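Here it is: the structure, laid out below.
We call the chains A, B and C, going by the order they appear; numbering starts again at 1 in every chain.
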Amino acid sequence: MSFDTGLLALDLLGVFFFAVSGSLLAARKRFDVVGSVLLACLVSLGGGVVRDVILGVHLPSAFGQPIYLVPPILAAALVYIFFNSVQRVTSLLTLFDAGGLALFCISGTLKAISLGANPVAAILLGVTTAVGGGVLRDITANEVPALFDAREIYALPAFCGAALTALVWHLGWFNLVTGLTIAALVFAFRVTAWRRHWYVPLAVHGWHRQLD
Amino acid sequence: MSFDTGLLALDLLGVFFFAVSGSLLAARKRFDVVGSVLLACLVSLGGGVVRDVILGVHLPSAFGQPIYLVPPILAAALVYIFFNSVQRVTSLLTLFDAGGLALFCISGTLKAISLGANPVAAILLGVTTAVGGGVLRDITANEVPALFDAREIYALPAFCGAALTALVWHLGWFNLVTGLTIAALVFAFRVTAWRRHWYVPLAVHGWHRQLD
Amino acid sequence: MSFDTGLLALDLLGVFFFAVSGSLLAARKRFDVVGSVLLACLVSLGGGVVRDVILGVHLPSAFGQPIYLVPPILAAALVYIFFNSVQRVTSLLTLFDAGGLALFCISGTLKAISLGANPVAAILLGVTTAVGGGVLRDITANEVPALFDAREIYALPAFCGAALTALVWHLGWFNLVTGLTIAALVFAFRVTAWRRHWYVPLAVHGWHRQLD
């Protein structure tokens, strides 16, 4: 499998995970099926479009390669057909979102590197790709972005994943095994932090979080 | 009238319609006149700027061609002078918004085609142009975007208009008459759906909408 | 000091001011330190990224030049260490935001001129740079953007500063002294309007503001 094919597969899988999170949020918000497809597209393709626009890639993959439309349509269809219990929405949404985050911080960093960005820019673009779609999703649906929610650890796993990807790449060790290992670590970090209620200190020294 | 002049006229008329919808929302939200001009600019020029940035057009028309500033300033002035009944805001806003939607899904698709985008990308960019400004307007004014409101059919008319435009163009039948016919169909679809309370099924099979 | 060095210094100082406003808002919203760094980045770098993307600069300075990350990290650290009184947040936030506004309407206009934009486009891009980050900050934090708040005069000082910058530049009079004078005027206009409760008329003729 060539590098480009591998990167495409990684990216499309991340698109699918984020798309499911978008359609699940659409279900919770009681949007209609068109809104479900659109929110799936926004969250799964938005981060990559922002990355490609910043890198000066015209057209961004989501517009130039029609295959990128398959995962969001599939995700909306799966949620339409199989979803029937509102209780599980929050957990499922968080798990699929974590899967997208884990894959996008890698594919975003690699795409930036392959287009000649310096390591710092590549890491920043990896993080932007990973968190961008979710922020667009939450803003559009009028939720507080998980990115800024002090009860969540969200950006930190993406940053670690992007930094690890850039490091492993520059050491020449990047391959399918190391890539999937990084993805698994990011996923585990995000999900464990969520399950165990890990916190980061508040923005001001000495301030303590109020009981929720 | 050349193709470029016709496209510019179509685009400027769409800009004017969306600009009026922006200034009407500014009135309903009790913004000041500066906020009215700014919201008119954001909604009428935002979708096109996003389209041009994605297509790699620098500068986007809204920045490069000062004539694009005339419709939003005119719209804010007309709303300032003639508007005095808050009752009619919602209806008027929806009608002007539908006019902008009908023209932008055509001009957005044509501009993408004229810059060499493939048909699928051109349709997606037509839809993005048509719905982009309205989404920016609603997010900025802290409203639920009409795009995601399950009581509205909003994206579907834009999608049909963009797809029809791409089809008619590729058949070589695009001209002033067919263009205005598509615009009229999109406008009629959107407004009839709104007046008759047409709905699309919800995002999950078997879920029914609650009474509003 | 060369023009480019001067422009960079001006820009970085504006980045720092906006970054402090972002971290102060993060403190008021009780975000954690990671959210504080991210909001500082978004507000201080967002306007410039939007400007560079519109101008077709790849990579935008915020991604291509790592030095742009220093001010937001510094700002989040300063707020973390020294901030301990919630009473002063609103005033401080407004003052730092006004400082960023004053510097960015100048640096944004100059950068657009230096890349060959016409004067109208340069003024529009100066205003976009100046108000863009603050709008992103307020939307993300679910606040009404100060830009649209009828109790604030926000866009007008930025517009005057950008127009003055373009005028003084085209007269060949732009230098450190005239630049700092324009910045001081914009800052004074914004802060005086805020302290003295200056208002702009509402979006509709004859409508009066309700008592707050």
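The rule we apply is simple: a contact is a pair of C-beta atoms (placed from the backbone, for glycine too) under 8 Å apart; a residue touches a chain by one contact, two chains touch by 3 or more.
Keep in mind the model is a prediction, meaning the values are calculated, not measured.
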| item | value |
| --- | --- |
| Rotation in the CA alignment of subunit B with subunit C, degrees, nearest 5 | 120 |
| Residue-number overlap at the subunit A/subunit C interface, same or different (half cut) | different |
| Distance between the centres, which are taken as Cα means, of subunit C and subunit A, whole angstrom | 29 |
| For subunit A, residues contacting two or more additional chains | 53, 56, 139, 142 |
| Interface residues, subunit C side, partner subunit A - complex | 23, 26-27, 29-36, 38-39, 49, 53, 56, 58-60, 63-64, 66, 69, 76, 79-81, 83-84, 139-142 |
| Of all residues in subunit B, those that touch subunit A in their complex | 53-56, 117-118, 120-121, 124-125, 135, 139, 142, 144-145, 147-150, 153, 155-156, 199-207, 209-210 |
